[in-house]
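Below is a structure I'd like to ask you about.
Chains here go by letter, A, B, C, D and E, matching the order in which they are written, and residues are numbered from 1 within each.
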Amino acid sequence: MMTVAAPTTQKSEKFIVPIGPQHPALKEPGHFEFAVDGEIVTDATVRLGYVHRGIEKGTESRNWAQNLYLLERICGICSHTHAFAYVLGVEQLAEVEAPPRARAIRMVVAELERVHSHFLWLGVGAHEAGFDTLFMYSWRDRETVMDLLESLTGNRVNYSACVLGGVKFDINGEQTKGILEGLDFLEKRTHHYLNVIQQDALFLQRTRGVGVMTQQQARQLGVVGPTARASGVARDLRIDAPGQHYNDFNVNMILETDGDLAARFVVRIRDLFESYRIIREILSNMPEGDLVVKRMPRKIKAGETISRVEAPRGEAFYYIKSNGSEMPERIKVRTPTLCNMASVLTLTVGQHLADVPMILVGIDPCFSCNDRSVTVTQPSGQREHWTWEQVRRFGIEYYQRQGGQ
Amino acid sequence: MDVRLETAVSLTKPWATETAEPAPYRLDVSLERENLLPVISALFAAEWGYLSAITGVDLGTAVGVVEVLYHFCEGPCIVTLRLRVPYDDAQIDSVCSIIPSASFFERELSEMLGITIVGTPNADRLFLPDDWPLGVYPLRKEYVMQG
Amino acid sequence: MRIGMMLGDVLRALWQRPVTEKYPFERREAPTRLRGKLRWDPEKCTGCGLCGKECPSNAVEVITIDKKNKRFVMRYHMDRCTYCAQCVQNCRFDCIEMSHEDWELAAANKESFTVFYGKDEELDAFLDAVSASDLAETAVS
Amino acid sequence: MTLNVTQEWQGVLDKIKNWARINSPWAIHYNSGSCNGCDIEILATLTPRYDVERFGIKLQGSPRHADVLICTGPVTRQSRDRLLRIYEQMPDPKFVIAVGTCAISGGVFQGCYNVIGHIDEVIPVNMYIPGCPPRPEAIIDGVVKLLTSLQAVPESATA
Amino acid sequence: MEAVKDILALLVFPGGLFVVFAGMMYEWLDRKLVARLQNRIGPRWFQPIADTVKLLAKEEVLPESVTPFFFVVLPLIALAGALTAVLYTPMVGLEPAYSFPGDLIVTVYMLSLLTLCIGLAGANTRNRFSLVGATRALTQLFAYEAPFLLALFGPAIAAGSWQIGEIAHYAESHWFIFTQPIGFLVALIGLMGKLELPPFDSPEAETEIVAGALTEYSGRGLAIFRIGKGVELVVGLTLIVTFYLGGVANPIVFFVKTIGMLVVMAALQTLLTRLRIDQTVGLWWRYGALLVLLQWAVLIVVQIA
């Protein structure tokens, strides 16, 4: 264990109120800096690292199997995605292929995870807009899919479904039935929620026309996942690169063209229907066979590979390099949020500071951003540290001045 | 070969010192450091994919080189630009002038592997704590974790 | 564009029973696959140590007392365990399982998180052998 | 005689105080480097299925209003000061719950370079809830255990 | 004898203990109803009592950079204001304890004192966070106060008196909810704005009722402000029920009416997305105030005619 001398002084007059999960979107700490000219944001940067643990380096001193669990704990919302991308990469390097049944089970878990993640985000977005009832109801219904995942995998968050060369468990008939019943219920509810977010006038006031990203911008910024698809950029690895994990089942692209927050809500909700359909299709065509390959080497052949998986938030990118030993040489993880985060910073430039919070939530930031401390640099060069709450208040007051005229 | 990869081959051809296809849908292009910006401009001008990640791989103290990989993705295809950056002259040009969103990747690269990014708009630390000692780069092989 | 789209849900909730579980007053059975506290069966263990080898957080240790007579004790650190069940996957002799009944593990001190498993006589022998100070040390680590 | 009466009154007052404290634990939650798994589960305990408002638990935004600090995750270098600050800002009497394996021992992150250690290396912890992550029921169980333990402790020891 | 009665009125009923307790019960009922509407069980009946007692027993942190005098005194003024208002209000449908011509205006003024004190308390704390919260609280005061006043004065004009007791008696035979529906709505929603309940709690989540301006208050001060809010809820609801729903009446009937209002408020809280302050202000000034004024005009015309 390393010892670190305690810093003697607090670095600045930063007033930090770590606001807990009342804003579940923004759970993990990050530090945004927005330079403003009047009310217009002229520059934006972010300081992450409050939850930086050094996982990439950590992988280099753990063996291949241990790394599976370390990487799974990069993110508690899309844990399966990380495990999935990692085992795909390692299997490519080791030149083994998981049995078809194992691949199907992985996909089922991945899609169930997507369902839970989107429901989570729906609640979070609603909460951020101040619609707590929608938050409560969507999280109530989310428990359905959490129950399914728990009874299927044995844990509600870190599913540990994958092992190198296969999966840990089978899906039996009873579970299939349970999943199908759960999906029927969720589908009904999802229709309802789609109606709500498309029609509730007060809710739309907070989302329509906020944080608009054009298709051109989305392309240039390299955003991924639903954030890109809400701007009309057809980018979904399940369709683009089916070779890796979705080869047996076709997925339809869900696109919206408005590019605003409302579109991001709609894309995710419509994504859910697609997930339901895929899960049903997989369950009704479940291939037979083993769950794990007969022989998975402890030492992985030297070489390097790239594996990508469509996480609920977009493309997760893994670069894995092996030197032929029991431990990897280098693993590089690029989470989808990092890609999308850049878009937030670029998008907020030229926008009113008041719109920043909702834009940030709109990308479904997963690994980042709360403590929500913001530095505002005035044109005079004077720097002030604001909490997230202050930015929100600032925004509210700004609008008030606008509206009060 | 996928048609998109063929386009990429022709786009990068003028500067590539070596081209390889390590796996289906993948293209590795080795470059000299000074040619990075022209290649990226060419890819960007042709709207070929998007910058998916920048990976830095330390090849070890014996070699004394950090390999920097720029991954571009378009559909199933991945083009990787490979650059070799020696320890004693650890700097590289920023691509932020062409791809502004690369800033994150560059900040990460520079703090983790000690590569100076020339001309990057923001060289502040992104992940490492404020009290992290200067000149210590965690992803270098010479950095050994205690405990 | 309408106001109060959730009215239906809200009104229905007035007549519905709340979905809230009464836990801890009523305890719902956890699914059988739940990965709770680890359990170890000393009878079948051969002491291969594969369980500890791939544990991501060094939570299980198989301590050999007498290799020949297959006398082993397992020290399990509940506080380190990530409940991933890789040890269950690795064990070829089905000695390990994750209980689906023991998941209410909260405790006010960490000592109770270090658990020893084994046949009674081996456990006694082992615990006698380990000096009290040693034990205290392991509990802290 | 008068002394006895005041003592009795004091005893009754203490009982009332203790009763109020047990029935109104307001919490603040801080993530000092976890993977979000525990955070989601803590959040899930607020939602209709588990609804910890039954026990009077409320999540507060300001550490000044909170009685219980719920910590998740190992402590990273960057967030250590933050954690200390929140703890110091909380008014007495205060309690700390460490949720999840990494908050208790570092879990899988033991030895990662940016991880300083676990919560009780920085601030004292009153209740540990292992699990990766613990189920919402297990979190409730931990909270209830903490509250029950408060019942037994005489006033003077907790203040 | 008169003095004893005064003291009782001040400390036990209708002021003091009774109304503090009633405030807690109303707060519980409100929270419970919201919880039930969200399909949850919600808090137990003694929850607000436990909260208050706990806060009272808790350490009071006196932050640096505050003026200690104001820090301690402001909550007391707020509570005193709210309690004074109680004395002129027909609690549970009984005659007001005290009454004089024009007490309606005093009462309404006393009710505003709470928000004012919260704002000042935030400003006094002088950390940026509280300051912004304070500004916001005061702006909101500015937004809802005028329409709320106008809405309460509607019945006064119709009754031709500024004395709560007289209006209440007049209201017994005239249910103003039918003749002045707009005033009723504005008054009800204004009360929600006054108490910063969900649709108007602009920057606050359901979990933090007053974190903005009161961030630095930890123990007693916070408890007293919360009690003040509870009392204000009681007084506000009582006034609305008296004015619009049939004046002073049998306590049981009156209580049922009050609970009915609380249910409506809870439903509104759950149904509506939080309004940004710009929307709140717009709502109040563009619609609330204007409509009430319109109603006034009609009223005055009818009165004269």
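Operating definition for what follows: contacts are C-beta pairs under 8 Å (C-beta built on N, C-alpha and C of every residue); 3 or more make two chains touch, one makes a residue touch a chain.
Because the structure is predicted, anything quoted here is derived from the model rather than measured.
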item	value
Intersection of contact partners for chain A and chain E	C, D
Each chain counted as touching chain B and chain D at once	A
Which two chains share the largest set of C-beta contact pairs	A-D
Label of the chain whose CA centroid is most distant from the centroid of chain B	E
Centroid spacing, where centroids are CA-atom means, of chain A and chain B in whole angstrom	24
Mean-CA-position distance for chain D and chain A (Å)	28
Length of the line joining the C-alpha centres of chain B and chain C, rounded to whole Å	43
Computed distance of Cα centres, chain E from chain D, in Å	33
Numbers and ranges of chain C residues touching at least 2 other chains	3-4, 6, 9-10, 18-20, 30, 34, 56-57, 82-84
Interface hub residues of chain B, defined as touching at least two other chains	127-131, 138, 143, 145-147
Overlap residues in chain E, where contacts from two or more other chains coincide	35, 37-42, 205, 207-208, 211, 215, 270-272
Contacting chain pairs - touch in the sense defined above	A-B, A-C, A-D, A-E, B-D, C-D, C-E, D-E
Chain C contact footprint on chain D (complex, rising order)	48-51, 54, 101, 104-108, 110, 120, 126-132, 134-135, 137-138, 140-142, 144-146, 149
Residue ranges of chain A in contact with chain D within the complex	1-2, 4, 6-7, 10, 16-22, 24, 27-29, 49-55, 57-58, 61, 66, 69-70, 73-77, 79, 120, 123, 135-137, 139-140, 142-143, 146, 150, 155-158, 366-367, 370-371, 389
Contacting residues of chain A [partner chain B, same complex]	1-2, 4, 7, 11, 45-49, 52, 54, 56-58, 61, 92, 219-222, 240-243, 304-306, 308, 315, 317, 319, 321, 329-330, 332, 334, 338-339, 341-343, 345-346
Residue ranges of chain C in contact with chain A within the complex	1-6, 9-10, 19, 30-35, 53-57, 82-86, 89, 98, 100
Parts of chain B lying in touch with chain D, wherever the complex brings them together	127-132, 138, 143, 145-147
